[in-house]
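See the structures that follow.
Two complexes, one shared chain (subunit A), two partners (subunit B, subunit C).
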Partner chain A sequence: MSVFWSSLGFGVVTASILAIAAVGFTLQFGATNIFNLAYGDTMTAAAFVGYLVTRAHLGLWAAMLAGGAFGGIFSVVLNRAVYAPFIRRGTRLFGMIIVSIAVSLILSNGLQAIWGANFYSLAITPGRSLRFGPFIMTTVQLVIIAIAIAIMLAVHLLLRHTRLGRAMRATANNATLARNCGIRTDLVIDMVWLLSGILCGIGGVALVANITSFDFGTGGQFIVLILTAAVLGGVGQPYGAMIGALVIGLATEVSAAIFSPEYKELTAFAILVVILLIRPLGILSEVAQQKEVVVA
Partner chain B sequence: MSLAWQFYITTVLIYVGIDIIACWALNLQFGVAGVLNFAFIVFQAAGAYTAAVLTLGPATKGGYQQYVGGASWPFPLPVLAAAVVGALLALLIGVFSLRRLRSDYQAIVMLVVSLAATLLATNKVGLVNGPNGLSNVPKPLSTVVGMSPYGIQYQWLFVGLTAATCLIVYWFVHRVTSAPLGRTLRAMRDNEELAAAMGKNVSWLRLLVFMLGGAIAAVSGAILVILITAWSPSSWLFPETFSYFAAVIIGGSGNNLGALLGAILVPVGFLEIARFVPFGSAGFVGAVQWIAVGLLLLIFLWFWPRGVVPERRRRFPASAATVTVASGGIRGGLRRSVRIPAPRAAKAGHDGGGAVAD
Partner chain C sequence: MKRTSVLAKMSIACALGLAVAACGSSGPSSNGQGGGSLVFAEFNPFSGPDAAFGPEMLVACDAASNAINAAGGVLGHKTTCKGFDTHGDPADAVAAANQMIATTSNLAGVIGPSSDEALATVPILDRAHIPMFADTGQAAFDHATQKFFWRISPADDVKGFAMAIWAHSLGYTRGAAVYGNDVGSQSNVPTLVHAFTALGGTMVSNQSIALDQPSYRTEVASMLAAHPQVIFTEEDPATAATYLSEVAQLNGGKLIPVVGTETTLEANWVQAVVRAVGGSLLKKYQVGVQPYAPPSGPAYGPFRSALYASKAASQSNLAVYSTDPYAMGYWDSVNLMALAMIAAKSTDPAKYNSFITAVSNPGPGKVVVSTFAAGAHALAAGKQIQYVGASGPAVFNKWHNSTGAFEVAGYVSAGNIHLDGVVTAAQIAAISGK
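And then the complex of A and B:
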């Protein structure tokens, strides 16, 4: 029974990391309709930035800030320099998948060329183990959960109570209509990429803070869980992604404890297949139906 | 020619043949029919596993490798069985994952299928010996023709066998792509709704082309495993699928010549060029190789999205206009050579950027 409880605890931590990453992924997808498969590798790149910061003895918080800043800037540049030009040139849905996989390959192999096929870990101590009833958690894990909750609240407030958030929702819903209403959709799209990148970067640092070691492929493997969480919640729906992250995070960790850790990802795949089977339209959410890629 | 060079050249030639077969299979699915098979490498892997298991003989209890369905069949049978398994696997996967989804969603679903297959083969050790994979697969025919399987004569014989398989596969894909079926498939790729409205059973056609491509991909895997005599989950990771996509797109999707050129350029060209890079560790060279493939693909999608050998525009005699439309109008070629009412032609010919442009 204690195995179950501790796996539940791990599940909450995984769900927190997943929520940060999946909300970033789905926000960007909802507004632009681009499946950015380089997202996971951007997380890895941000994790390496965080690694350098912790090596300079600046601690986890500074690492998260640096990772978030890197992710944000990188994503805006990636969109401006690669994705947006391709869309303007007429590359469409499937073509954009190919483009994003090409970027993902360049990024992950670039990281491998720089850092080698070695394993790294953040230079932080996991902190004291604290006990809450049946759960045992380290300070770092508590920090991750707290950050995730704070980010979810911030995203909620941003989307519901600010002009920018309203503009983002309008653009995600109907970019042409939003532009005709006088919304600077190009700026909104930039802000979406920035926000998504910041969440991606923070998620990347949180991911490697929670595991003992990482290499150039860590984020690339995590993207499958992100996709599953985002799809489960209905792609493009930030609140759906939060719920999806919670379900996937708990399901994978608990199944790892019950069956075997190797089947963690298979559980996620199985959930994805089941969603596909019970929804005849597949993973099409209402938001994504019949939309095209959006550049500005 | 020294013996080492002969070995090198024969190995490269066999790789060329294998990659050409694989690219024709992918081209049939992606280039001609527009079916987005991001799990392509799974079918090559299935073919390799089938051929390996059927030549290895029954697994011994407590032996160093465990697998199901071992047998020692004589040469052409394991390859043929691989084709059958490839087609059946395609049927199985196609039935639940070939849905009418937006093209990028379809790609994601297939990607997940590919990753799940890798996990399954790695973790279910009894299936195909788990992460260690199968090894010491015997080379076929050596006793029949009385050659050492490691001699140069056998290598040349193998080149001949690969070339013969290439010819058979070419004959097959050419028959498919030049037949009315090929025209229907291209019509489906360019405008699915239109093809369906013309009475074509689009779901069946997609499944059919998925199975044909799966069978051919499995054949390429079967020959590959005879060449390298070993096969494990690390031989068929997801990026390998992408290298074939890169080959077909760069060569020119939608025509068999383009796929052939792409096969020589991308998987063989980059693999072999890397052998001559004089510096860096093995991992570094591999990484640079993949970066180059990614950049090459971006460059091609930007400047030449239709590839080195673009698909030719097909023209049809004006007198056959009604017949042509009935079997699915294709791209701009139809609009230019045959005057048919604008509303119909407008949608059929809107796609100027090749199959990639969706």
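And then the complex of A and C:
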């Protein structure tokens, strides 16, 4: 029984990392409808930036800032240099998925070429293990949870109480209408890529801080869980991604306690399948029928 | 026009992606020689979770190939090595195998496949009449019927016996089996559990864990709750690093004694785990069981020298490879194939295959040689030889398997291990009946 309760606490840690990444992914998808499968590899690249920062003895906070900054700038450049030209020339939704797969391959293999098939760890200590009732967490994990909560609140405030947030939601709903209403959708899209990239970068650093050892493929492996959380919550819906992350984070850990660790991923996929069965349109059919990629 | 432009751009993007990916899928060749050179292919993962396998194999082959060329080559041919990336995935590996066979006209032999892709690709290589020195440990090949299949390293199921025997010798009676849910890792478990139980122990926890998860804290908590005295383990480096660091976090900063497979002594595993838990904890708590190949003897010196002459790996990786029985096995595999060609007086894989046991197995009147150069010289003089290389004697049975003793070694520092003991073939036979 105590393992069960502990698993809930462990699930919150996983959910926190997942939430940071999934909200970034879904924010970007919600506004641009680009299914960016290079997201996980961008997380890895940001993690390497964080690694370099911690090697310079600047600590976890600086690593997250640097990782976030890298992720934001890289994502804006990625959109402007690669994705946007394709969209302007008429590449549609599914074509863009293929483009993002190509970008993912380039990034992943580029990282392998630079860093080799070696493993790296952030130069930080996980800190003391603290016990809160049945829950045990390290100080680094508490930091990750705190950052995730802060980010979720910030995203909520941004979307609900700022002009940019309203412009982002308007662009996500109908980019043409938003543009006709005077919204600079090109700037909004840039801001969306910047924000989602920042979350991607912070998520990458948080992920490798938790798993302790990473290589060029780490983020790419995490993308499956990110997609699952994003789809579960309703892709393009930041609040849905938060809920999705929490459900997936808790479900994978609790399933490891109740059933078998072998079925962690299976549990995540089973939840995804059930959700898609309940909502028959599903992610791809909805996107294909009702939405198209947005560049400006 | 616009459509053409978009298509062109998409093609370029895809081509770029595939081109960069291809850096791994058709790996680098050594020596820079093509044309008439005989090619030894390293058919293993160069990317994916087991991406560390291929580079080690390529470096060891490169070292052997250079030594062969320095000794005059094989029947007038130079040799070279070329990596083919299986991505550690059976589906990708089938395509890679077909591509390798179709595009490598002077393919002389293969090192690999690994457990990741052996079941899918051994039949393909066998049908193509290409001798393969597989590094798979799968028990499915204990009684291999494929004529061109050779295994110089012991099967995984035998390793399970050795691990249980070692833990029993230290007085451990409560064990936890923590293995990745991949085929290669899982093949160790049945014999481990069987042997540990037969020796009077109890496997208090048996976890098959999903690889590369962001956390294993629930699994660790569950395992710790069963109060094991020893953890038996094999999983990929990233998984092991996360799992063991969380064991330390939830166990007051300490690990539980770990008895791992030879994977836990490999360069990338050690690197990942040392960076996660620190070298001192690993040194104190972990040993790995691997085929017995002491870093000494007449064959070891030439192997080590040739390995260090390679420019294809970092010094720290070379240090680890130089004591790794698998690297020694790759070196020996190339030498055995090259010597078999000379014994057969043919570089045709279909012909020299049946001469491999002629240069490996013991026999009356045979001259024992420890290098390719010595073997080639003896064969040229009309003598029969038994090649005993850096990894020790390779005595193949009728299923082309060679099994010997196991050593138990622990991490000291990068490239340095200490020998804790040896589990003999007789001890294994006593409990396994093999």
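Convention: the second predicted complex is superposed on the first by the 287 of 296 C-alpha atoms of A that agree within 3 Å, B and C clash if a C-alpha of one lies under 4 Å from a C-alpha of the other, contacts with A are read in each partner's own complex, and residues count from 1 in each chain.
The criterion applied here is as follows: contacts are C-beta pairs under 8 Å (C-beta built on N, C-alpha and C of every residue); 3 or more make two chains touch, one makes a residue touch a chain.
This structure is a prediction, so every number in the text was calculated from the model and none was measured.
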item	value
Simultaneous placement of subunit C and subunit B on subunit A, clash or fit	clash
Contacts of A:Val99 with subunit B and subunit C, given as first, second, both or neither	both
Which of subunit B and subunit C A:Glu262 touches, first, second, both or neither	both
Comparison of subunit B and subunit C by subunit A residues contacted	C
Partner chain in contact with A:Phe35 - subunit B first, subunit C second, else both or neither	first
Contacts of A:Leu227 with subunit B and subunit C, given as first, second, both or neither	first
Contacts of A:Val23 with subunit B and subunit C, given as first, second, both or neither	neither
First, second, both or neither for A:Ile248, with subunit B first and subunit C second	neither
Partner chain in contact with A:Gly110 - subunit B first, subunit C second, else both or neither	both
Touched partner set for A:Leu272, first subunit B, second subunit C, both or neither	first
Selected from 185-193, 221-229 or 311-319: the stretch of subunit B that, after superposition, runs into subunit C	221-229
Contact residues of subunit A, present in both the subunit B and the subunit C interface	82, 85-86, 89-91, 95, 98-99, 101-103, 105-106, 109-110, 112-113, 116-117, 260, 262-263, 265
Subunit A-facing residues of subunit C, complex	2-3, 5-6, 9-10, 13-14, 16-18, 20-21, 23-24, 46-49, 51-52, 55, 181, 207-210, 212-219, 221-222, 225, 237-238, 241-242, 245, 249-250, 252, 268, 271-273, 275-277, 314
Of all residues in subunit A, those that touch subunit C in their complex	2-3, 6-7, 10-11, 13-14, 17-18, 82, 85-86, 89-91, 95, 98-99, 101-106, 109-110, 112-113, 116-121, 126, 129, 136, 138, 207, 210-215, 217-218, 221-222, 225, 252-254, 256-257, 260-265
Complex contact set, residues of subunit B against subunit A	36, 96-97, 99-109, 112, 115-116, 119-120, 122-123, 239, 242, 245-246, 249, 281, 283-284, 286-288, 290-291, 293-295, 297-298, 301-302, 305, 352-353, 356-358
Subunit A residues touching subunit B - in the complex, by the definition given at the top	35, 82, 85-86, 89-99, 101-103, 105-106, 109-110, 112-113, 116-117, 224, 227-228, 231, 260, 262-263, 265-266, 269, 272-273, 276-277, 280-284, 288
